[in-house]
Every structure is written in structure tokens, then in C-alpha cells.
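Take a look at the structures below.
Two complexes follow with chain A in common, the first pairing it with chain B and the second with chain C.
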Partner chain A sequence: MPNKIITHSSYIISTLSKPLIIATVLLSLIQVIFLLLLLPNIVVYVGPTRPGPPTPRYPILAPVLGISGFLYGIIVISLAAQVGFELERGESSLYLSFPISRMSYILSWVVSSMAIPSLIFLLSLLIPLLILDPSMMLGISGVEVLLLLLQVLTTGFIVLLCSIIFRRRSIAFAVGLLEYLLLPWILLIVLSFLAYQIYRVSFPKESMIWWMAFLYPYNYFMIGQQVGVSWTKAVIANLPTLIFLVILVIVYTRFKFEVR
Partner chain B sequence: MRVLSFRNVYKRFKRIEALRGASFEIPRGSIAGLLGPNGAGKTTSIKISLGLLRRDSGEVEVLGFDPWHDEIEVRSRVGVLHERPIYPPNVRVSKLLLHLARLKGGDQRDVKRVVNVTGLKEYLDTKIKVLSRGYLQRLGLAQTLLGDPEVLLLDEPTANLDPIARNEILDLIRSLKEELDVTVLISTHILPELQRICDYAIFISMGTVLDYGSMEDLVSRHNVRAVLKITTTKPRVLASNLVLDERVESIEMHKSSLLVRTLPGYWRELENKAYELGAERVELVKVSLYELYQTVLKYAQ
Partner chain C sequence: MLREISLFIIVSLACAISILPLLSMISTPIRHYGMIGPYLLRKDVSIFRGVVISKGSQVSISIKIEMEGYFHLRKSLQLTRAYLFVIPEEDYYKKMHTLETLFMNLSKEEILDFIKKISVHQTKVVKKGARAIEASTSAINLQTPLVLVLYLEGDLLPLVTSPYGFHCRYTIKPRLNTDWNQVLRALDVGIIGLVLFVIGDLRREDSWLRRLKRYTRGKKSHSP
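Let's look at the complex of A and B:
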């Protein structure tokens, strides 16, 4: 089974090589440019002699991750929705007429649409850092990166599930965009409105944003930093959600997934 | 020995009942036609045979395996050409075939073999999107042959082709069957073109199998016209004897054989009579599948 997953995912990647190369170059460029722009700040922040109370680390990577994370999320959503396109067009019945199981076929898409882009994302962040100044690596916490990875993977599995259930790229892509880009901000706007206008309390309050940790651990951590939320809470809330989604994909593929 | 069997298989897509208790089997070594109008359940049967669709109830066996649960075993031994197959347009022929060969545990040598058989050798470096329909169908047959399959399932292999390309594809299927000794199931709604290659037929309509069997059995059961090829050393003598028989509709004489067209329901009797008159070999060479289908339909109703 792993052989078939590797064979098919490398084929998928080779057919998608052009957009993947473009995305990789874009991600790297964005991260290099932002890191260069932020270099003076980063040096000040990570320097050991900075007086006063310890500064939260998130500002170091936040602007870089804000932009490249957006692009990384869009890449994962587009690729995971591509499964729906294959099922919609009927190309999948060609591959699944060969000795590759339904599970291996879906898992090869997990590798191609999530694992590989995540690796590219990490490398496009780490390589520029290593080239610019390897010592900066020590000053940067991996927490934001980890939370962003979890957040994007959660979205990726939601989109993948939509792709194999509805067999439509447009539906899967729309769900992905709604879930990843629109929903958290719409809900935040509504909540902040409620907080300021109706309940007359300051926003954010942890009691109002806890729900974000399940689907948006990175957003939850970044917004909640002002009120002292911990990253472990975000991970603890998100991991079961992610595992639940993975199990849903596996169970659906094993028992219900048909190719028409 | 049968290579494929359906027993009381049901399959429903929301409100549409695609298969309603379909039962049939195909013996090893035959070229079987799965014949019926559009929407009869032919494609559903093929997809269930491959484990791409799950049956709601009933039993399906392909080479002794359950295709839904033993999908890998079935797909390793079966080659499939889907109706209107979709290929990745920007991929080169060689790359797609090599990938599919690898999924079957093969390599570049398998690709070379199948492109030689199907006449695709010169198009190996061509992108799939520029292939003509005829060559796309050849590509379909080429991928079907990867990994030396024991069974070929061909869903409407001549659909959307011009008459010349149709004949080429049918000739290719026949030669493949002879050279590779595989069992072939061809699904189609165009009956006349299969007449010359099928030796077994399954008639399906509205998800129900009306009848199935070898051509000889079907012709015997349903009393339709048939054409017999009688091989003999004395064709003239035999022809003069048979021409007086009122069960014979027409006789065509060749160097060492006769083609005798019989009236409905008499081919077995004429076969016996030909042997009595000194024939060396009698074969059923042609049946009007359309006539057979009409008769089967009437009989089923």
C-alpha cells in the first residue's frame, strides 16, 4: 500500500509540477522579502540584551506567516479540491481501474495536497532564514508555525472530505474558502460587535473566542495572545478535531466512497 | 469455468434503480457482449465488477474475488476501457502509460509492448490533448492491456468513432483475443457491429438481465435466423442437397465451404443434416443480434 501511495502521489505532483513550482517560488520570495524587511526588528527582538519585560515572540513571524500562511492555505485548498475535479471529470475511474485501492488513492491525494505543500511551506521559511542568518532560528519559536500547519491541515481535510462526498471541485473550493478565510472573520466581527455594543465588555475575551481553537488554532493563538491564551490549549482543542476529520475521511473512503 | 458472475445484484442511485436483481455469468475464453439500450445498467455492471461501485445487495465474483472487498486482486487481473474515458490532457502518452504500468507492477517494457500492439508507438511523446478520437481509443486499449490481464472489460469501445475507426478497433479486439487468449466483455448498445466478434451474449434491459448464454444456446432457445459455415470437400454436392430443404433460406458457395442461412429455429437440425451429408465441420458464424434481442425481449415480456 505505501508503494502505491508513493507512486501515485509522485505522479500527481509531477502533473501539478508547474503550479507547485510557481507556488513554491512565490512563497519563498514573499518570505525572503518579509524577512529582509523585518530583519532589523527581528535582530532587536531576539537580542539577549533587550531591557524590560520579555516581549511576546509572535510579532517576529506574524507578518511573514500572515501573508505566506494565506498563500499556503489557498494552495492546500486548491489541491484538496482538485480531487473533486478528478472525480467530477471521471479521471479517477481511470486510475482506480488499476490495482490501487480507494484508500491508497485518497491517501496519495493527502500526501500531494497537504504533506508536500506543508513541506514546501516549511522549507521556504527555513531556507531563507538559514541563508539570511542561521542564528535567527534560535530566536524563533516553532509554535506559530506548528499552529498554522494544524490550522491549514484542518481546512485541508475538510476540503478533501467535501471533494470525495460531493465530487465537485467548485463546492469543495467554496467550502474551503468560506471555512478558511471568511467564517473566522465574519464570526469575529459579529462577536466584537456583540462585545462592544451589547455586552459592553472588552474584546477579545477568552470566553468569546475559545471556539476558534477547534478549527483555527493559529488565529485563536494570535488573537488571544493579548488575553494570555496558551498555545497548548489551541493544540489540545485542535488535535481531536483534526483526528476526527482524518477518521471521517478514512471511514468514508473505506465504506462509502464510490467512483461513478 | 466462469470468470465473472452476478447473482441477484441490486444497485440504486437515489431514485433510479440501475440494477434490479441482475444475474449472469461469463465463461473463460469468450468474447461476451453485454447488450442493451442506454440506461440498461451496462456501465453500472462494469463498475461494480471493478469495485468502483458498491452493490446494494447480491453477489458478484470476478475470477473468484469479491470486487468491492478484494479490489486490488481484481484490478490486477482485469483491464478496463471505460465509456468516454477521461485522460489528463497535458500529460504525454508515455508518462501516463508508464505510471499506469507501475501501478500494475510493470515498467517501461510493458509500455513498449502495449504501444506496439495498439499502434501507438509514434505517439508516445504526444500530449494526450492532441490525440484524435481514434487514437484516444487506442490509448484506452493500450492501458487496458497493461499487466497482461486475464479479463478485458470494454465499455462502449466504439462509441463516438467513425465507421473506419470502429472496424479497426473491433478487428484489434478480435486479434487481441486470439493472440492473448483473454476473456472479453464488451458492453454496447450498437448490436450489429458486435455480431462478427461475439460468441456469448448477455441481454440487459432496465437493470434486469433478460437472458444470457453462448450464441448457439441463445439461437436454439429463441428461434432466430442463423448463418452456418459448413466446411466440406464437396461443396457443390452438399449445396445441391441442402438447397431443396425448405428450412434453408439461402446458400452461398465458396471453394471448400458453404454459408447457409437458415430459417428461425432450425439451425441445430440443419447442422445434424449437414454432418449426415458428409460435412467436415459446421459452425454458427452469424446471428442477427438485433433479431435475437427483439426475440429475447418478447420472450421476457
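Let's look at the complex of A and C:
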């Protein structure tokens, strides 16, 4: 089964290679340029006199990840929605006529639409650091990268689920864009408006943004910086959601997934 | 899949290498504002403890420091001598304690000599208007954490009687220095990427390298 998954994901990557390579090269360029230009400011600490070693500062990578994370999210959404395009055009029935199970077929899409872009995303962060100073690879805010990976993977699985349920790329893509780009900000605007109008309290308060940790751990961590939210809380809230989505995809594929 | 990933490694490496030479020319300043009180204070000499500058990496970085200060005083401050010292953090904590205990009994020259001995860099502070001062250093190599210390000498009576502190802004301009080790590491990554690319490509049916080989062979056979 793993061989079949890798072979089919390899095939998917080769069919998508041109747009994928263009998009990832763009992502890499942006990430490498921003990371290198901001690096002196990232590694140098200026603060009040004190005897202890410098404490980790967050968010360090926010200016870099703000742009590259957005592109990475769009790449994952568009690739995960591509399953819907295959199901829509009936190409998937052709692939499934070969000795490949439905589960392997969907898992190969998980590999090519989420695992490979995530690997590329990590590589474009790690390569400049590896050249400049390998010790920085572990020292530089893995928290932000981890939270962004979790957030994008959560969206990726939601889009994949929509693709296999609705069998339409357009629906899956629209759901992805709505969930990843619009929904968190719309909800935040509504909540901050209500918070001010009804309770006359300043935004953000942790009690107003806790819901973000389930689907948007990175956004939750970034917005909650001012009120001192912890990144572990974001991970603990998001992991069950992500696992639930993965199980949902597996269960749906095994028992309900049909190719017409 | 290996071909695409390795191609990506090569592209992002090329990108990083092309930016490396620019890094020593670019510097984005880091600013630190603060209201600080004097660390040691006398009518004729005063020492202000500034900020700590440290780095969280082994990469070579040089910094330029600019300091602008403002005293919240009614009277103008009469300064005869003023310096901004850059002291390694370790020496600062080891030796400043001694100065602290002897401060009231030492002469101005002795205090100045003491700080000069433990500092790695010093620059003259210039008076700017009645209540403001400024200083800027040349490039300093940031190896170990550094502490900035301001030394003021003159008629400091208004400062002794004032309940207010000293408002200060430090601008640190870090610059990344590139060296041969980085070039060698880039070469290593490039070789690994290239080997992976060749392996990944030759395992594929639509190999680009085989196609290139066929194309060059075809060109050779057509040439007279």
C-alpha cells in the first residue's frame, strides 16, 4: 500500500508539476529573501540590563510567515481542491480501475497536496538557516512554524473532505478560501464589535478568541500575544480537531466514498 | 517526487546564495526606548546603565550603536566629559560591583580609568542643545553580550536633585557578515540537491537528463 501511495502521489505531482513548481518557487523566493533580510533583527536582542540569558521572543518569524504562510495556505487549498476536479471529470474512476484502493487513492492526494507542500515550505525556511548557521535551525521559533503547519493542515483536510463529499473543485476551493481567509476575520470583526457595543471592553480578551485555537492555532497565537496566550493551549485545542478531520476523511473514504 | 523536491532545494539554494552578498550591505535598525535612572550618582560624576545587546546565533554580526538622550531638568546640564562605553556583559557583572562599593571614594579619573579598562569600545558623547545628548559608535563585532554604559562628568547637581530620570533612545544597526564557511555549507547543500536530482530524475520514465542526452546526441549526429 505505501508503494502505491507514493507511486500515485508521484504521478499527481508530475501532472501538477508546472503550476506547483512555479508556486513553490515563488513561495521559496519570498521566504528566503524575507528570512535573510530580517535575520540580523531576528537574532540580535536589545533589552534592559539583566544577568540572565535572552528569553525567547515571539513572534520572531511573523513578518516572514505572514507572507509565505499565506501563499503556503493557498497552495494547499488549491491542491486539495484538485481532488474534486478529478472526481468531477471522472478521471478518478480511470485510476481506480487499476489495482489501487480508494484509501490509497485518497492518501496519495493527502501526500501530494499536503505533505509535499509542507515539506517544501519547511525546506525553504531551513535551507537559508542551514547555510548561515545550522545551530539556528533548532533555535529559531519552531513554535510559529508548528502552529502554521497545524493551521494549514486543518484547512487542507477540510478542503479535501469537501472535495470528496461534493466532488466539485469550485465548491471545495470556495470553502477553503472562506474557511482560511475570510471566516476568522469576519468572526473577529463581529466579536470585537459586539464586545465593544455590549460589554464596552477592549479587544482582544482571551475569552473572546479561544474558539480560534481549534481551527486557527497560528492566528490565535498571533492575536493573543497581547493578552499572553500560550502556544501549548493552541496546539492542545487544534490537535483533536485535526485528528477528528483525518478520521472523518478516512471513515468517509472507507464507507461512503463513491466514484461515478 | 524526489526530482521535484531536489529541484526545489537547488532553486532555494540559488536564491539564498544570490542574496548572501547583499546581506553585509543591508541593515534594518532595532530601536529601544526607555526612561532610565542613574546607576551610580554623585555631584560630579554619574553612571547610567543602558541596554544589553546580545545575539542568539553563532553567525558573525557587527553592530553600530546610536544613542540619543534627553534629561528632564529645568536647568541646563553642564557637562565637561561624557562617554558611551560598550562593556562585555560578563565583565560588567563581575567588576561593576567593585566600582559600586568604591564609587564615593574614587576620583573622577580613577572611575573613568576603571570603566575604560573593562570596556571594549568607547565613544564621545556630544551635547545637543541644553538638555539633550547624542553618541554614535563605529562598527563593533558582536561576539558576546554587550552592555552599554553612559559616563557623565560635570556639574550634575540638577541631576542629583531631580526626581526624574533620563529618557534615552538606542538605535542598533546590525549587519550580517558572510564568511567562507557559509559558502562551503551552501556548496554541500548544492551537491546533496544535485545528487538527489540526478537519482530522482533517472528513476523517472520521463527523465529530463535522458532527454537532454538524446537531444545532444541528435545534435552531434546532425553536425557535419
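Heads up, the rule we're going with is that the second predicted complex is superposed on the first by the 235 of 260 C-alpha atoms of A that agree within 3 Å, B and C clash if a C-alpha of one lies under 4 Å from a C-alpha of the other, contacts with A are read in each partner's own complex, and residues count from 1 in each chain.
Keep in mind that, in the parts below, a residue touches a chain if its C-beta (ideal position, glycine included) is under 8 Å from a C-beta of that chain, and two chains touch if they have at least 3 such contacts.
Quick caveat: nothing in here was measured; it's all calculated off a predicted structure.
A.B. asks: More residues of chain A are touched by which chain, chain B or chain C?
C.D. replies: It is C that touches the greater number of chain A residues.
A.B. asks: Regarding the shared-chain residue A:I131, is it in contact with chain B (first), chain C (second), both, or neither?
C.D. replies: second
A.B. asks: A:R102 contacts which: chain B (first), chain C (second), both, neither?
C.D. replies: first
A.B. asks: Look at A:E258 in the shared chain and tell me whether it touches chain B only, chain C only, both, or neither; answer first, second, both or neither.
C.D. replies: In the superposed model, A:E258 contacts chain B only, not chain C.
A.B. asks: For A:I120 in the superposed arrangement: first (chain B), second (chain C), both or neither?
C.D. replies: The answer is second: A:I120 touches chain C but not chain B.
A.B. asks: Based on the superposed arrangement, let me know which partner A:H8 touches: chain B (first), chain C (second), both, or neither?
C.D. replies: First partner only.
A.B. asks: Return the residues of chain A at which the contacts from chain B and from chain C coincide.
C.D. replies: The answer is residues 14 of chain A.
A.B. asks: Okay, in this complex, where on chain A does chain B touch?
C.D. replies: Counting only chain A, the residues touching chain B are 4, 7-8, 11, 14-15, 89-91, 93-102, 256, 258-260.
A.B. asks: Going by the contact rule set out above, which residues of chain A touch chain C in the complex?
C.D. replies: Listed in rising order, the residues are 6, 9-10, 13-14, 17, 20-21, 24-25, 28-29, 31-33, 36-41, 43-51, 53-54, 116, 119-120, 123-124, 127-128, 130-136, 139.
A.B. asks: Could you pull out which chain C residues touch chain A in their complex?
C.D. replies: Those residues of chain C that touch chain A are 1, 4-5, 7-9, 11-13, 15-17, 19-20, 23, 26-28, 30, 32, 34, 49-59, 61, 63, 89, 92-93, 142, 145, 147, 170, 172, 174-176, 182, 185-186, 189, 204, 206.
A.B. asks: Tell me, which parts of chain B touch chain A in their complex?
C.D. replies: 13, 47, 50, 52-54, 71-72, 75-76, 78, 80, 82, 84-88, 90-91, 95, 99-100, 102-105, 143, 146-147
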